[in-house]
Structure formats: structure tokens, C-alpha cells
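Note that the chains take the letters A, B and C in the order they are written out, and that residue 1 is the start of every chain.
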Amino acid sequence: MELKGVEVIWNNLDYLMWGNFPGGIALTLIMSVLAIIFSTILGILTGISLTVAKGVMRQLLVLILGFLRAIPIIMLIFWTYFLLPVLFNIDVPAIATVIFALSLVGAAYIAYSVYAGMMAIKPDQWQAAFSLGLTQRQVILYVILPQALKMMLPSFINQWVSLIKDTSLAYVVGVAEFTFVATQINNRSMVYPTEIFIFVILVYFVICWLLDFTVTRIAKR
Amino acid sequence: MFDKLLAPHYLWWLWDGFLVTLAISFLTIVFATLLGFVLAIARQSRCKPLQMLVISYNAIFRYSPLLPQLFFWYFGIGNLLPLEFKLWLFDEPQIQLGFMVLKMPSFEFIIGLAALTFYSSAFIAEEFRAGILGVKVGQTQASLALGLTWWQTMRYVVLPQGFRIAFPPLIGQYMNVIKNSSLTMAIGVLELSYVSRQVETESLKTFQDFAVATFLYIVAIVIVGTLGNLYQTKRLQIRN
Amino acid sequence: MKFFTQNKVSRSLTVTALITLLFTANVAYADRLDDIEKRGEIKIAVFDSNPPFGFIDEKTNKMAGLDVDYANAIGKSLNVKVDLVPTNPANRIPLLSSQKADLIVANFTVTEERAKTVDFSLPYFATGQKFIARKGVLKSADDLKNLRIGADKGTVMEITLRDKYPTAKVISYDDTPFAFSALRNGVVQAITQDDAKLVGLLANVPAEQRAAFEISPFSITKEYQAVGIPKGETRLKEKVNQTLLQMEKDGEAVAIYNRWFGPDTPSAMPRGDFKIGDGQ
């Protein structure tokens, strides 16, 4: 560690924070929050469908989820960004592509957590709820889902943390999020990669840790 | 039309890269599972400092991106190794093992494997822990009350059930190992992503090149998923 | 359900794309030059992490560099606005073929193999491939044979080394700073880049460290950088070439060169006898 390297970070702090707005840490946070919200909603819906659906529909769903879990995220971002304009003549902005790709992949993982959570609830609870005269929708919404979500919260947090870290893959389509602007500064200053990337590790660590801490706190209430 | 395709020798490059991806992923899975298992057990121990140690280990490795971690090991720790040892590794020496001659992998491969293993073991440890927690507290207490030692309770009651609970997410982690291995290209491991960048640089056929790479990743991950499913239905379910 | 169809579309999309891209030729475009003039804007891909060719200026936080100056000059001569698209080696060709960029002006080295996929303009910059090592390590090119050499991904340096010095071990890193770190840590014994970039790199190193390193007295190639143009866009190519020749004629090319490599700059380096339009 050299003092000069810390100085480089200090001198560029506002560029690292905002970039040419939106960019830097701010953009990382914006993309993370949106991807977390979309993927969680989509994931819960898909998880329920996975529990309820039968036959061909279910197999199709399993296939799609399998595909989304199998493709490396960087490749999914790359293909959605570059193929949509070639194939369909629509131009999606890079930031939207990244949020879209991260939401899909995040949802695929969250869906399986939700599904596992719902399956883990004893069949007698389902039966008890049905015998009270509740419809399937009511049973899932008021009895099963709340328990499943609570049970799978650690797995959700894991997935959210992954999403935050995965926003750094946005460089492949030229989105100036935090890692990307850090790389720009690294290339300009040339000789302080260690200092700059220790700073990068620290920032992600703080963001992810704060997320875990806050969510766990709220959940305990 | 055929000049749009990748020339055959590029396909061979990609294939070689794919084999390196398989090798580093496989070794990571083996080592990270062992290490993750040890971490999960240590987390359950009643020794407070040991618990804290494992908790911080897991937090540090899980809450920061893998790429800067790779840089840290390669540039930071690589620097601390004694020079003679590094020079010996750089030569990629051949080791005589009975009848077999083993060629040492490259320095980059070894560092990449270590970094991936440390990173993945933290995630795997958490999956094991979730599995152990999934085993009802009552069962643990009952076994202890029956006079089994803490270790026996773990070995015969908690772990077998915990493993079954943890198995599906564990397969998910193994898939992640394959995907994550692509980041080792940053420190010069000659795996699939690295090679695909070489092909891009030389041929500029980016789409064709990345399509083949994407396809190979999907194949590898689907194979892991299928093997996992087979094992789960064959071995784990029947005993239920 | 909405989310369901979204999933499905994206999946079948990617699958079809994988297949079609492997087998289809480029979609036929309308003439790109007409497009650009109609839009009143040209999208030019430049590097944003490759000083002094293309990088983010510390004071303005905008892109600057030799390539950026060329990009702006091309826009000016076409009389259209310039939209600079940041690029890196992994996405420069996709940007071009998906029409998210009309030209690549990003320190783009011309090779025969590459010319099968893109068209190149006349070269506007010439470099030689050199090395940085600890003092005394590199006296002649023969010393390269048994070294571990660090290179940058996406550059042709690695290819050249592999061809000319197959016994040397080449390791490519993402960026020059990492290659230089590897050199400082002794993981590699030399690093390779354009002479232009190496001069700039050493200029950035604190003086007390700089003393330990030197740039190799020899260069192993002569390379030319040119503008990348979509294959078959002959009118656009013609226009770019005219612009470049005109820039050499009215002295703008020299002015741009001196702005980044002139005697007063940290990466001072004589332009030599290279002129735009001289036969390669």
C-alpha cells in the first residue's frame, strides 16, 4: 500500500461515487435495487407457478428456469444487448439490458427458493387450510407463502448479495457502474491497482453487509 | 457463407479452453466441498472464537466480488511466496509419481484454483449450515439425551439429514463454480473465456466465438445439473 | 401471465440467435453514410481506459485522447454531431455489427486476418511493439525466448509473440496496469505494448521506481492503427480516408500528434517518418 495510491482514490472520490451521473457507486446501487425488486417479485410469482402448475406448462417452466440458471450472466447481458437490435430492430439502452438480465437470472434462483420453501411446509397444513374452506389462492397467499418466505429469507439475502456483485459484469456493454469507473481510474493512474481494488472490495463488502444486517434486523421484528 | 463461421483451428482452441474450465471447476468443487464442510462443522462447535472466525471468513468471502479477490491472491499473495518457489512453479516441473508423470499446472492455474476454492467454500459452508439448521433441534437434543456425544450426534443424526436438505442448493453452487471459473481469465488462466478472447482478438468474429463459448458453458452446467438430479432421485429419495 | 411470456421470449431469442448467428451472413444494411447524414449524428466507438488514445480526462470527466480527437475531426468533416461510445475489445465488433457504433476509432491494429471481418481505413498512427523489463534483462530480441511476458487482452501483441517466439510464455491481463503489477511483483519478467503506451506508462510511475525499469532498445514489429469500418461500406470508407488525408495535408494530424506525444508531453516520442497516406 502506498500513500500515493490512497491519494488517487481520494482525488477521484466524486467520480467513483457518481461518475458522469448516473454512474459509479450510485449507478451500482440504482441497478442493484431495481434488479432486487424485479427479481424478487418475478421470483415469487414463478415460485408459486412452479408449485401449482402441472404437466407441459410446468416442464416448460422448469426448462426456462434451467436455462436461465445455466447461462453465465455476462453472456446473457451480452446477447440481450447485441442481439435484440440485430434481430428485431429494437434498441434497448444498456442500463435497462443489465437490469433486465439480472432480474431474470435472480428470479430463476429466487423461484427455486420459494418453491423449496413451499414444499417444505407439511402437507397437513395445506390440508388443514383447505378444510377450513379456503380456496387454493387464499391458502397460498395467507397460509403457505408467508411461512415459506420467512423460512427462505437467508437464501433470498444470498441471492440479493449475488445480484449486487453481478452488476459489475455490466462492463461488457459499457455501463459505467462502480467497477467500470474504478477500472478507468486504474488505467489512468497506471501503478496503483492494489490500492484501487482493495477499495473496490471494501465498498462492495459494506454495501452487501449493510443489506444483510438491515434485512435480518427488520425480519426479527 | 462459410467465411462467416469460425475456422476449425479456432474451434480447437476453444475446446482446449473448455477442458481447462472443466479441470479447474472440478478441482474447485472437490476442494471447496471439503473446506466448506470443515467450516460448517467448525461453525457448529461450541468454541466461541472458532465460531467468530468462521463467521468472518464467510462474510468476507461472500460479500465481495470474486474478481478483486482474484487480483488480491495473484498480485498480493503471489508476491509473498519465496522467489525460488515461484521460479520452480514457473517452470511447470514434471513430478514423477510411480509410473505416472504429472505435469504441474501453470502458476496462474494454481492461484486461480486457490482463489476459487476459498470463495466457493464460504458459499458451500453456508449451504451445509442451512442443511444442519434444517434438522429439528428436538432431534439433536434427543440424541444428546440418549447419551450420544456431540460428535456422534453430528455424525449419525444431524449430518446425514442435513446433507439431504443441502443437496439441491449445493448443486446450484457447483453450477456457480463453473460460471465463476470464467473470471480466472483476468489473471491469465487459459480457460474457455480467456481463449474466446484470444479468438476474438485474432479473428474479430465476436458473435460466432462467444456463441460457441456460451454453448459450451451451458453444456457443462447442464451436465452438472443432470448428474445432481440423477443422484438425488436415485440415492437420496429412496431412503426417505 | 406476463413474466412467463417474457421468459419465454428471451429464451427462444437466445437460442435462435445462437443458431442464426452461426450460419447467417450480415443483414443487408442501407448505406451507412446516408444513415449518418440523415441522423445528423455519427456514433464512434473509442476506448475509455487506454491513455493517451482514449481515456476519461481527470478534470472534465469526459473522454479525451488521440483517438477522440480523430473521432471529432471525422464528425466535423461529415458535418454531423459526434456521439462517443465507450468500448473495450470484448464489444467493439458487436457494437459495429449491431449498429450501435458506425466506426471504431480505438487504437485498432490492422491485420490481414482481421481485415476479413472489418474494413480498415488508411492507417493514421504507427507503432512498434516494445517491452518494459528490469534494467539489463533485455539487450536483444533473442533474450525474449525464455521469459514470461505479460500482455494486454484484445491486442495483437500476444499473437505476434506466439508466432515469433513460441518458447516464450505469454500471459494476457485485462489491462496494462495489471500487466505492470505482474512485472513489479516478478510474476512476469517483461511486459509488452505499443512503444507509445509504454512511454506513457513509465511517465506515470513514481521516479524512484522508474529507475529500475527500462524500455527495450528494439521493437519486434511495425504496426499500423486505422479506423474500423463495417464491411462493405465503401462510401463511408472513402469519406473517412478523404478526411484523414486532408488532416495530414492541413497539418491537423501533426497538431493532434503533438498534443499527445509532442516534446512537452509526459509521453514524448518523435513521430518519425510516418504520414497518413504513405503506402504501408
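One rule holds in what follows: a residue touches a chain if its C-beta (ideal position, glycine included) is under 8 Å from a C-beta of that chain, and two chains touch if they have at least 3 such contacts.
If you're wondering where the values come from, they're calculated on a predicted model, not measured in any experiment.
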Checklist outcome for this item: Neighbours of chain C that also touch chain B are A
Next on the checklist: Let me check something: if the centre of a chain is the mean of its CA atoms, which chain is farthest from chain A?
Outcome noted: C
Item to check | Whole-Å separation of chain centres (CA-atom averages), chain B against chain C | outcome: 35
Checklist entry - How many angstrom lie between the CA centroids of chain A and chain B, rounded to a whole number? => result 21
Checklist entry - Can you give the whole-Å distance between the Cα centres of chain A and chain C? => result 33
Item to check | For chain A, residues contacting two or more additional chains | outcome: 67, 71, 78-79, 82, 193-194
Item to check | Residues within chain C bordering two or more other chains | outcome: 17, 21, 90-91, 94, 97, 174, 178, 181
Checklist entry - Which residues belonging to chain B are in contact with no fewer than two other chains? => result 71, 75, 207, 214
Next on the checklist: Per the contact definition, I'd like the list of chain B residues that touch chain C in the complex.
Outcome noted: 1, 3-5, 71, 74-75, 78-79, 83, 86, 90, 107-108, 185-188, 194, 197-198, 200-208, 211, 214-215
Checklist outcome for this item: The chain A residues in contact with chain B across the complex are 66-67, 69-75, 78-79, 82, 109, 112, 116, 154-155, 158, 161, 165, 168, 179, 193-194, 197-198, 200-202, 204-205, 208-209, 212
Item to check | Complex contact set, residues of chain C against chain A | outcome: 1, 3-4, 6-8, 10-11, 13-14, 16-17, 20-21, 27, 48-51, 55-56, 58, 61-62, 85-88, 90-91, 94-95, 97-100, 174-178, 180-181, 201, 204-206, 209
Checklist entry - Hey, which residues of chain B end up touching chain A in the complex? => result 59-60, 62-69, 71-72, 75-76, 123, 126, 130, 168-169, 172, 175, 179, 182, 207, 210, 213-214, 217-218, 221-222, 225
Checklist entry - What part of chain C is in contact with chain B in the complex they form? => result 17-18, 21-26, 89-94, 97, 111, 113-114, 116-118, 148, 153-156, 158-159, 169, 171-174, 178, 181-182, 185-187
